[in-house]
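Letters A, B, C and D name the chains as they come in the text, with residue numbers starting at 1 for each one.
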């Protein structure tokens, strides 16, 4: 299980969210409070949107708390839309390619949770990807693969539908493999315009998700765990929800898996 | 293109081969003389056989010339059979999982060369692997995949045949993809007993391969480039050769690809 | 604060101590139980004695729990005398040169604790070193500097005396700087023959130290925290003790600082 | 010897200078043409000025050519003043703290060259620093120490004078140690307003230095080696020169060491 935080609003220094708050994401890398494992020391990553349509990406395998580069980048870079992640591996080696966020074109994605029984369905899921999407696979994690499934299911045109169908493909693959579907999915993703998040689990026990205003309402955050503790106006998002944040406001809709074919693409 | 060196014989300190000679593998990481690229700074690795049946494995992404751990390990560890490699990437990120040697059970493998057009045939080749072998894939290189093809083709019982058939699968996959087969293969591998090497290229221009006695004939080396320059008794191995070294002696046989079916395993 | 374990006895695979036990040092890197901070993720290190008079040294900045090299080395290397350490920084960057153990010639040293007010007395202490010893300084930690003070005070000929006088120098430097001496020192060190350890703190609250037999009495361990939990015969070492282990047996003596001049060497 | 490039002018993407040109700094990390050693693979670094008075800093120990983070940062970050460096160690370990640029407050500094006989005069030079400046020492290189000498000599108020006197201190320390002064100094540094560079060597053979307009004259570069080869208007700076670039223009003055006392500060 991991911890993450995302922001949309007026441009702020990344450090205002990531390193400065008392229970910041960096602090959570050392001692998260609402996660199964308090330590999230298996790498970290940062995707931020600036002058380009595609995001900048900075990932490394050190614990976030001990990386001086991260501290300096967060102090220096301003952005109105960014995603940050600290990793606690549930399998998959500690390598940069396995660190979140994952990026594809203008899209970025990060995840807290896991695909249960992944080793039994990984190959089937990978083979259901189109060649074009398959070629984007760089690492070995379940999270990156879920992101690729989303892309394959039409993320660009229909974010909610794409996540629903990607979830459906995982469930279908599990059933074919004769195992109980066991997906935990608290994830955030963006195309540089809107910021989306989903909270869902096949067993109903989805990892936590919160939204909250940042500072004088100049922006809003979506986080796996609040980063300040003194009151604040954090709002817990219920399980089976899909959140979309834009500068116009925040929209919360019910989320459910959708049936999706799991064809073998390769031949 | 990369550089590598392997040794079989009486136990010696690894440094006697890897760091001490004037044109040692470490020196070659900085300025190889018979390679396309003089710099082999994209990681390195070491597999050595000791008290276990499976080898020890040490790989990292720094250039070999700047790793103090490598220097200390080579100074300390004695072995009668080991493989060492410095990497110049032909694609594939600089990560530990992409560094040679690759290890599977008691087998180790390292490679200088590449599978031309790899991005066009990678998926077909991966899908031709049995589930059991596919699950061993950790990185993204063509070299690791070739090793897995060898395992899939019966490396344990028939080394020469397995390499021939793995080569055949690469050639067949290239043809199916409508591209000219372009494999360069100067590789060494071992099961902890015998030390094998192959020199082959589909276009006849295979990377160099040499054998030579080490010191007072207590052991023999197989290398991609001699590590001392002053005479020595280095013997160039001709292209399309398969070398097997044991304590009893060195055997050199002709090597040619063998036809191999390229079935899709997954379903 | 850090965690460490040392072993002296018949040669065993390092993994028998470092990775295999249920509450092994690797497990302690994730969740130590008797340390101030449960996470020891700021690097690790290993010094072991083999065929050379000086030890092998392997240190890296990843958390110990996520380093595949460490796992393989521990599985492969056998030694009758070794020191292993997982680091929780009390200051000083996460770099290889700041990871324990530190090595000088045939001596190795590792430390759990810290020199309180180090930034105020560091320069005075460094300047009290002879040129020859000063030149061995590679990193910036208080622990490495304490080791150099020990060497400067005649470690080679009189281990207990050298530690006593090094402690005295720290106390004297603190007084000169007008601060309360605040040294915590639970350390182990070796010359490849004997294994020494010290438990001392200026305020009487020294970090824990234990000895215990390993397996069928073929060897003995000195550790900052026992690595198995089910009974065992772990013996807590009282504060202000100096332990010397040889193959002949274990000797425990009282430890106290000794007066030591703090001359400025440089000129 | 190393390679570096600096830019002052209208804000541009860092990649326009650092990664995009045909003979860019990244290309020079692999095959520099005017350097003693063609490979500059011992780490790299980047200091850029943006919305803060102090610069951002990104340094790592991988070769610059294989770091995906560097590529993404350069593609994303825009700046009107930045320094970039690829390192070929002349001693000193490969660690982040030994990578250029070095930063102190709003100042940044990077260096191509070395202090000859450094090991014989290092301690004297370090001890001539005031406590406040000494405490900024993080690594072990001659380059960082030279930067600290500059700060100690009043860099903030008198850049040319500070470099002259720092040079004088190195020369004086060499004489006291009974060795021939052997300083090679092609360096660039900035306070976020002006961009300074110096080219000097005690033996008259200073590493190369060039200035040139970038693109449509929106900015100017100072580099150790031109990064495009097709004509361009690169101007070689003569030895014993001090260059100051501001938005108002470029000023080139003669440079010579100045006498400087080398008192021992510590006591």
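Here is the rule we go by: a residue touches a chain if its C-beta (ideal position, glycine included) is under 8 Å from a C-beta of that chain, and two chains touch if they have at least 3 such contacts.
A quick map from chain label to UniProt name: A, B, C, D = Glutamine amidotransferase type-2 domain-containing protein.
This one's a predicted model, so the numbers in the text were calculated from it and none came from an experiment.
Q: Spelling it out: a chain qualifies if it touches chain C and also touches chain D; which chains qualify?
A: A, B
Q: Compare the two sides of the chain A and chain C interface and say whether they are made mostly of the same residue numbers, over half shared, or of different ones.
A: Mostly the same residues form this interface, as more than half of the numbers used are common to both chains.
Q: Could you quickly compare B-D and B-C and let me know which has more C-beta contacts?
A: The greater number of contacts lies at B-C.
Q: Determine the centre-to-centre distance between chain B and chain C, using the mean Cα coordinates as centres, and give it in whole Å.
A: Averaging C-alpha atoms per chain gives centres 40 Å apart.
Q: If you look at chain A, which of its residues touch at least two other chains?
A: In chain A, the residues touching two or more other chains are 68, 93, 96.
Q: Once bound in the complex, which stretches of chain C touch chain A?
A: 30-31, 38-39, 41-42, 61-63, 66, 68, 89, 93-94
Q: Please output the residues of chain D touching chain A within their complex, sorted ascending.
A: Spelled out, the residues of chain D in touch with chain A are 13, 48, 50-52, 55-60, 68-69, 72-73, 75-78, 96.
Q: In the complex of these two chains, what residues of chain B are touching chain A?
A: 93, 95-97, 119, 123-124, 127, 131, 134-135, 138, 140, 264, 266-267
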